[in-house]
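This structure is in structure tokens; I'll ask about it shortly.
Letters A, B and C name the chains as they come in the text, with residue numbers starting at 1 for each one.
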Amino acid sequence: MKKRQKMLAVLLASTMLAATLVGCGGQEADSQGSSGAQESGSEQEAAASNESEETGAQEQASSGEVQQLNFYAWTSPENMVPLVEAFNEDYAGTYEMTYQKLADAATMTINTALGSGEPIDVMTQASAMDLRVRADDGVYLGLKQFFDKEGWTYEEIMGSAMEETMNIEGDYYAIPYCNNINMVWFNKKMFDEAGMEYPQAGWTWDDFRETAIAMTHGEGGDKVYGAMLDYADGDGDNYWDLIARQKLGAFTYYNDDFTATQFDAPEFKESLEYFYNLAMVDKCIVPLEEYTALQYHKDPTGMAGLYNGKYAMWIAPVYGCLYLNESYGEIPEGTDIGVVDMPTTDGGATVTTCYTSTASIPATCKDPDAAWEALKYACIERADLFAGPKAMHPGYAFQSDEDRDAFNHIIFDGKPGLDVDMAMEVMALDRTLVSKDNTVRQGQVGINEAIKNNMTLVFSGEMSVDEALANLKEQGDAAIAADQ
Amino acid sequence: MGWAFIGLNLAGYLLFKLLPLVLAGVLSFTKWNIAASLDKMQFVGFDNFARIFRDSVFWESFWNTILYAVVMVPIAIGLSLILAVILDTHVFGKGLLRLAFYLPNISSMVAVSIVWMILFIPSYGPINSILMSLGIDNPPKWLNATSTSLISIIIIGVWQRLGYNIIIILAGLQGVSKSLYEAAEIDGANAVQKFFYITIPSLSNTMFFLTMISFISSFQMFTPVQVMTKGGPGTSSSVLVYYIYKAAFQNNDIGGASAMAWVLFLLVFVFSAARMIVSRKKES
Amino acid sequence: MGYQKKRLITKIVLTVIMAVISIIMLLPFVWMLSASFKPDNQIFNFPIEWIPKDFTWANYDRVWNSDVPFSRFFTNSLKVTLLSVTGEVLTSALAAYAFAKIKFKGREVIFLIYLSTLAFPAQMMLIPRYVLFKAFGIYNTHLALILPGMFTAFGTFMLRQFFMSIPDELCESAKIDGAGHFTIFSKIVVPLAIPAFSALIIFQFVGSWNDYEAPLVYIRSKELATIPLGLNFFRDENSASYGAIMAASVCSLLPIFAVFLAFQKQFVAGIATSGLKE
């Protein structure tokens, strides 16, 4: 009986505690709630301020008040310090930039932030599809007006490859703040030990295959593979179509007028058959099952696998060198990582793939001209402070070799175990870029789903190359038709 | 009087559960981007429903979900019933063992999935190494084959569910009167007889709860699929909530995702209504 | 004597079997622990190295001593979890009592609705709630995390089932003695259902403590982040520091252990029966 009373007492006490706490919580929420209300009110304000924008800006200027600008990205905060500090110094007295870190780059995270009514001046995203959807739904401002005001054209600043993918119905809704160029990283030490020559620009896919076979040895858990690449991961880079992309160019999946897919093109068969043979016949690249289980799709793990000698070559973007960094753990003594351009079918001019992350101005932004300053600063004027620390190339086209080399130094310098000279030399070579960014909305979700479904079957050995491509064609065309 | 007791919970429930649920119902008839303001919402009638009913991956996910639930729930409940009875009385170090069984529920999901993916590696992972040393030449490819991917997910599901079920059953077992067991022992009943004639009948209310909750949560299973197989190979391990999650959280398709969620909800509604009518008829 | 001895042997054998099974249960936890003491570039070495080759405290140091206010996340998690669990136990217990022990019109229908709405995928609740919370003005406040957790159908359903196991005769006899429903609830039903409350507290504590998606959708400010959301600060552009995340996960498990060990003690046979005897 006593025990029961005791428990009842505990229960009642905790209830009261809860009640008090809730009371306090309520108060706290009130204060936070009111700021929230202000924020949600800003939508209407924003609508109103669109009309009085000019006067608003003038007021700002005349009153001498410093205008707050909110820059949203998912970069770790310490990497943002240089950019924010430099901007606030350059625009001291006019603008003050604040960095707001997003939890991640996921579609929903960014959509909820955009829909929350918070004052956002610059928003970033990794997905080209999300960019397209947001542009279509009126979430972002068209940027052509600002390029016009500057007296620029998108093409001359960003380059024609970028212009092609970022052009949405004649306007542009984002600026790529980085350009991730695919390269082949290789472990020079392993090549030396095997008595193999280093791969050179101008090599062919046949060379790649021979090298990968030659570098493969061992059995079971100790097996060393010739290469590791992400050929069929659902959300990954999908290198199974790499050769088709090199040959067919941007928007590879679509025909010329975007009314159907072109998975029946011989280039797709060539590409898939090639990687199928590497994985399933020669078994000289890391198989899908190990790739997923050992988390090789995470870039630091991918780089660690390379310098720890699990494979001799790794196909990855340039920023892969970022993970040559002691903060991920000690890098083995004598690590020597080299880099070479992507092979091609004929060994002629280099063609390689790239993809971007982009930055945009939300339509609810209070002062678009101010936001443009921040956007331009981070993506174009001071990309060295935004893309640079992340070891990414800027989205724009370099105007001179000096600009290019200076930027490459930012990317490659101070990476322990990297052959910086080789990296500098290789990046100075000419190459044609094919963008992987897919800003076409029709059928894209269905096509990606079909690719994931069929490619995991191919690389699990349960489906033939021909059957997979036939499925892709049929399912992709159906998806496009359904979205038309 | 009943309303006085229920009032507080009901009010909160209406506001935070039923209202959002109805709103999700409204969303299922629309096309809307959460990033845009509410006035950009377009009503599209039954388009979303028509679209998902035509979608073969939706149906495959639907059947996978039912298969998962129907296989996983009885196995997990059966095993945890036995383990819980053992853990309740017949062992030393109860507290620690209970914690050990509950650990899969609280360990980081990333850790859980990585460990299982490595255990399941077909070519030289620990599980297949053991099987091969036992003389099985062609062990299954587990997560990496269409024929076994869902089975592997079921194994992981059972493994993870055990600790949870055990706690519920343990809580239920405390309500079983000791005097019943004592009486049975005097009558010479053995452990198995006691289990079937006393333990199980006394747990009927707990078991009803456990069965319902297990089915409902297995209809909602998605994290292992999301982290380990992404529904593959092919669509062999795609389940409904994973498909819904992908539509809403990755593919900007809130309307379609809400429609699918409502289909799932209606399915369970019919299921639980039937279950209640049956149990009512039994009572009367 | 022979019977006693046989019992002891059975008990030892069963303990050994259970211990062996529990090793399989422990694997991910051990992996977590081991990864938290490894540098990032060795976490995925294969075959699995259960004992770190280069043992390091760096991950723990990073979690507690970097710019990321991990202790802040910890306090936030504690606040959100304690409030929502306490609230849930309270409101569910009252409602469950009504569903189990009071007959009134509409009871079955409401219960059926409660039961079936449990099946609505939690992920799809997030979006409509996000819209509502913005309208209520509680978006980006802890209330957005606490309030939905306070009124759950799950807790109500669970407690109802346990309350139903309590013989009606007990309540009836108290009623004859002149006790009202609240007295019966607090003096008879609640004390008899302590194991059920313990189980519920464990579940909801874990659920709320580990919830990632709700904070991801409802919380924007770093200052308000709970641990699972806060772990994102150990991520950079393209990847995550697994070591730091595992170290943070290990730390965040400690309160769960405490709650579990405290409440699992309540799974002691005899509470219910002693109630019956009195």
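Just so it is clear, contacts are C-beta pairs under 8 Å (C-beta built on N, C-alpha and C of every residue); 3 or more make two chains touch, one makes a residue touch a chain.
These numbers come from a predicted model, not from an experiment.
Q: In terms of C-beta pairs in contact, which of A-B and B-C ranks higher?
A: B-C is joined by more C-beta pairs in contact.
Q: Relative to subunit C, which chain has the most distant C-alpha mean position?
A: Greatest centre separation from subunit C goes to chain A.
Q: So what's the Cα centroid distance for subunit A and subunit B, whole Å?
A: About 34 Å, centre to centre.
Q: So the centre of each chain is just the mean of its C-alpha atoms; given that, what is the distance between subunit B and subunit C in Å?
A: Centres of subunit B and subunit C (C-alpha means) sit 16 Å apart.
Q: I need the residues of subunit C touching at least two other chains; which ones are they?
A: 44, 46, 90, 130, 242
Q: Which parts of subunit A, given as residue numbers and ranges, touch two or more other chains?
A: Residues 108, 112, 115, 221, 290, 294-295.
Q: Which residues does subunit B have that touch at least 2 chains other than itself?
A: Those would be 34, 114, 118, 248-249.
Q: Which bits of subunit B are touching subunit A when the two form their complex?
A: Residues of subunit B touching subunit A: 33-37, 40, 51, 57, 114, 117-118, 120-125, 141, 143-146, 228, 230-235, 248-253.
Q: In their complex, what parts of subunit A are in touch with subunit C?
A: 1, 3-4, 7-8, 11, 14-15, 17-18, 21-22, 25-26, 28-29, 32-34, 36-37, 40, 74-79, 100-101, 103-104, 108-109, 112-113, 115-118, 221, 290, 294-296, 298-301, 303-305, 307-308, 319, 322-323, 327-331, 390
Q: Spell out the part of subunit C that touches subunit A in their complex, as residue ranges.
A: 38-47, 54, 67, 79, 82-83, 86-87, 90, 130, 134, 137-143, 146, 186-187, 190-191, 194, 216-217, 220, 222, 229, 232-233, 235-242, 275, 278
Q: In the complex formed with subunit C, which residues of subunit B make contact?
A: For this pair, the touching residues of subunit B are 1-6, 8-13, 15-21, 23-24, 27, 34, 38, 83, 86-93, 95, 97-108, 110-112, 114-116, 118-119, 159, 162-164, 167-168, 170-179, 202, 205-206, 208-209, 212-213, 216, 219-220, 222, 240-241, 244-245, 248-249, 254, 257-258, 261, 264-265, 267-269, 272-273, 276, 280.
Q: Would you tell me which residues of subunit A are touching subunit B in their complex?
A: Result: residues 43, 106-108, 110-112, 114-115, 129-130, 133-134, 137-139, 220-221, 234-235, 287-290, 292-295, 445, 449, 452-454, 456-457, 460, 462-463, 482 of subunit A touch subunit B.
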